[in-house]
Amino acid sequence: MKTKKYDEEALLLENKKVNGKYFKLAFRSQNLCKKIKPGQFLHVRVNQGQDPYLRRPFSYFRVSPGRVEILYEVLGRGTSILSGKKKGDALKVMGPLGNAFTEKLGKKKRILVAGGVGVPPLVFLAEQYPTEYLLIGTKSKAELLPKSELKKVRAKVLCTTEDGSYGTKGRVTLLLEKILKDQHPEEFFIQTCGPKPMMEAVITLARKYGVDGEASWDESMACGVGACLGCMVKTKDGLKRACADGPVFQFKDLKL
Amino acid sequence: MKTKKYDEEALLLENKKVNGKYFKLAFRSQNLCKKIKPGQFLHVRVNQGQDPYLRRPFSYFRVSPGRVEILYEVLGRGTSILSGKKKGDALKVMGPLGNAFTEKLGKKKRILVAGGVGVPPLVFLAEQYPTEYLLIGTKSKAELLPKSELKKVRAKVLCTTEDGSYGTKGRVTLLLEKILKDQHPEEFFIQTCGPKPMMEAVITLARKYGVDGEASWDESMACGVGACLGCMVKTKDGLKRACADGPVFQFKDLKL
Amino acid sequence: MKVDLTTRIKSLTLKNPITVASGTFGTTDEYAGYVDARKLGAIITKTITVKARAGNPMPRICETSSGMLNAIGLQNKGLEDFIEHKIPYFKKLGVPLIVSIAGESAEEFGKLAKTFDGMKDVVKALEVNLSCPNVEAAGVGGMKKQERIADAVKAVRGQTNLLAFAKISPELGDVLEIAGKVLAQGMDGISLINTLRGMAVDLRTRSSRIAKDFGGLSGPAIKPVALRYVYQVKKEFQVPVIASGGISNAQDALEFLIVGADLLAIGTANFVEPQATLQILKGIEDFCKKEKIRGLDDLRGSYEPAGEKGEGCNR
Amino acid sequence: MKVDLTTRIKSLTLKNPITVASGTFGTTDEYAGYVDARKLGAIITKTITVKARAGNPMPRICETSSGMLNAIGLQNKGLEDFIEHKIPYFKKLGVPLIVSIAGESAEEFGKLAKTFDGMKDVVKALEVNLSCPNVEAAGVGGMKKQERIADAVKAVRGQTNLLAFAKISPELGDVLEIAGKVLAQGMDGISLINTLRGMAVDLRTRSSRIAKDFGGLSGPAIKPVALRYVYQVKKEFQVPVIASGGISNAQDALEFLIVGADLLAIGTANFVEPQATLQILKGIEDFCKKEKIRGLDDLRGSYEPAGEKGEGCNR
């Protein structure tokens, strides 16, 4: 028996810029906040009418009874239209969709490696479950989450920016490799979400150091429910649907 | 030398419901308010993006320095989207477009016959120029303009509603025929705008009583400037473009 | 007032005209969380091929104005898996099933037809997908295409008396000509219009936004074209027609009914509104009530032709 | 950095690739209040016929998803009026003029060509509109159509050495086949894709929303289809191509350039944004600056084909 699904006209509670690139959107829903696990996502109709035509997928960022938050970067047409929505507007949202990150890691220590639009689900995870490290890589200071959005995170938060405008200069994988090199890799479990090149680099490192982990493999989506076969991911047991079989896949299952 | 044309991103100043069916929309513009004659219209992009795709034509309802008003009925997709726009939104508006109603009628007395979406330009005309009668026909009380919107009109305002919920029950042409019958038709000049069946009835009466007049012949429009040939009107000198050669045509020129 | 939505297609009687377009409703229960599929008049499956197909590389889809391009590549697990894992689900569900089939050869078309002929308790009709590798393989030119279409259709007809619809798209050639031929070869009806071939370019990479140069354009963008072909085919041949092409709301659905469509296959709209099918069904019912239309057959095909006014050219 | 937008089409050199699609920019100065037409690379006229045409009855247009249907019916005042009243305007304007012509017979095509051959000071090229009464008259079937196309094209070529583009639409038949033929018969280039035939129904009247059953679908809705045909024709024949079909912004325009379009004809977009042409021109320039592209020829045709990945079928 599948978990119950909803498609609601949700009331927008807030939609505000949190930094140079990101908006935080909150809407009211009695249903879409129930039994949510970090890594699951929502499929949002960013506009009424037919422009844009398809929905856009966004990870759960935070939930509280009756309230759901997403955090999104304005990347193109859909997200820029979404950023124009105001408190009181109605938004069609379906979910909860997809699988989730592993929550209990037993003895293993959690390292989260986040980049770009992959930050929200991992922050959500770090707020809910004991986490050793949250590594965040962004292009520049502009994409960095404000401290206020990270204060609930109980973990060592380390940042890299490609231009060095904040934290360590360079790729987030620098930090990851340092940690894996200096400590006992086998004690860690990596969970990552972000641009594909970043995740690929993370997985390469994980394999190099013999660390297990999982990645939220985001693909552009049409249906979001496993019906269109538009979001396939190559795994060792063949093609899987990012929206329905994923978005979270084990490193060892992913065929890169 | 044509009058200067503008296509502006205008700031919406207000957009409020004035009765069961109509909204009054005001926007700011330093240019679109200049040298405007009643009967001219604006071509409005009711939404950013491509839904709906084409602009929608609306008559000038009122102008004051820096401010333009239109009055519109929510009839379909475009106008319902327009009715959702809020103060502060930007709206692409082009104009002024089309010809205008004859303003100076010499010795003749002005009778205005308005119906449905034809009311705004005639109220505009009645506010600017001496008018004997303003006859307004609507389906019911719900479509009737509130008194507040008519108080600047210096004319005898008579209303009919098809369901009798206000004023005389029946068609507006009842009132017109009564006036023409009881008085000296040759002293009058009729100016009309509204649903085609109404204007056809008006013209038939005018011919019966030998009265001159003109009608604002609205057709669905694409370009609004005379380029697409989508809005043609049959006249005795062949097809004319409602948007560029009209919308106002002399009764005697119209071929019905 | 009760509206009778019953839709009769030759031997087949459906409780309403709403179905789902092949490949847009998953393989079994993907939409179960949103739609009670038992309320549908029928279900059309994703196209089934004899052997499993991995389909095309990623990316396979991209959005366009009022529509999308897709190059899925008929990914499916093949005939055996379908019979073993999907048929039982649909048998249990109890909704009339229309199986979409495609072969890489006439023989395969025949084999698929023969197989489903033996499952008449579940399978009520076949949709013969002629926009498929066999017919559309690169370099298959006009004449050859026509031949392969004929062979496929004959192969199917030779193996089953199941109600069979040929699914054709304008990309195959002259729609009326092809429809005429496949009907002459024993097809019971036509399914229109599949997708139009389109393209979208990524300015950054200067290559296609999907992994193939072309994809199938679907969604509201193609609706006027679909409506026109459905009308033309219906007018020319008066045979059962399954309509698909941008049907996204009750207004669209009613337009297709008015020009004569028998079944309305909702496709891409499912991706945008998971409950599109049932919303459209309700919209049709509401319209009929408002207009005092007791049965769909009073509406279907009630189109008033424009007649030969004007000077011919439509541009 | 200065971007060189110069566009060369055989003997013809234009200052940029932006032009207007026939029938969408008026007959002379309709857009003068919004656009300085002298900034355009060229102007394509509304289609001119020998005799004046009243066109189709009203209504002639209706809106559809991301587009519109039109059935104008080639309304125009005829050849004489054009020469007397329009040519002088364009002569004064000084923008390279491409005259769109359509005949009701091969003879008329010839006459039109001959006439404009004598006006090379103003008229720089012809666009031979093959989607016209002569070719599309009701009941003109496949073969016959091909014949008439051939006759029209030959008649034009026989009367002038002006640069001549055949304007063809998928509605005429197999685009690549037709393009091949008209090029063999001496056309210098191809203009694509005109409109797709579509339909829209008014639920109230149960008849077409325009006065004809069908209209030509234009606008962003058809852009993916147009882009694909422009790419295919360019790839197959490497001849000059005038592209039209939903070009509404710089992104669209750049996509068409990347697949090889020589001229970009802005059509329906003018109705929505009267300054669309110049906005697009600026957008192209800005893109080239950002991407350090010195001349358009470095961008034009730079498309990276997807190659034969995957399993063929595009559905």
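Each chain carries a letter (A, B, C and D) given by its place in the written order, and its residues are counted from 1.
We adopt the following convention: contacts are C-beta pairs under 8 Å (C-beta built on N, C-alpha and C of every residue); 3 or more make two chains touch, one makes a residue touch a chain.
The structure presented is a predicted model; accordingly, all values stated were derived computationally and were not measured.
J.: What is the chain whose Cα centre is as far as it gets from that of chain A?
T.: For chain A, the chain whose C-alpha mean is farthest off is B.
J.: Any idea how many Å lie between the Cα centroids of chain A and chain D?
T.: 46
J.: When the C-alpha atoms of chain A and chain B are each averaged to a single point, how far apart are the two points in Å?
T.: Result: the chain centres lie 54 Å from each other.
J.: Centre to centre, by mean C-alpha position, how many angstrom separate chain B and chain D?
T.: Going by mean C-alpha positions, chain B sits 36 Å from chain D.
J.: What positions in chain A touch 2 or more of the other chains?
T.: In chain A, 50-52 touch at least two other chains.
J.: Which chain C residues reach two or more other chains?
T.: In chain C, the residues touching two or more other chains are 23, 54-55, 64-67, 70, 72, 219-220.
J.: Once you've mapped the touching chain pairs, tell me: line, ring, star, complete or other?
T.: Complete.
J.: Hey, which residues of chain B end up touching chain A in the complex?
T.: Checking each residue of chain B against chain A gives 47, 49-52, 81, 86.
J.: Given the complex with chain A, which residues does chain D contribute to the contact?
T.: Residue positions touching the partner: 65-66.
J.: List the residues on chain A that touch chain C in their complex, please.
T.: 2, 4-5, 7, 45, 50-55, 92, 94, 219-220, 222-233, 238-239, 244
J.: Going by the contact rule set out above, which residues of chain A touch chain D in the complex?
T.: Answer in residue numbers: 50-51.
J.: For the complex, which residues does chain D have touching chain B?
T.: 23-26, 29-34, 54-55, 58-68, 70, 72, 75, 219-220, 248, 268, 270-275
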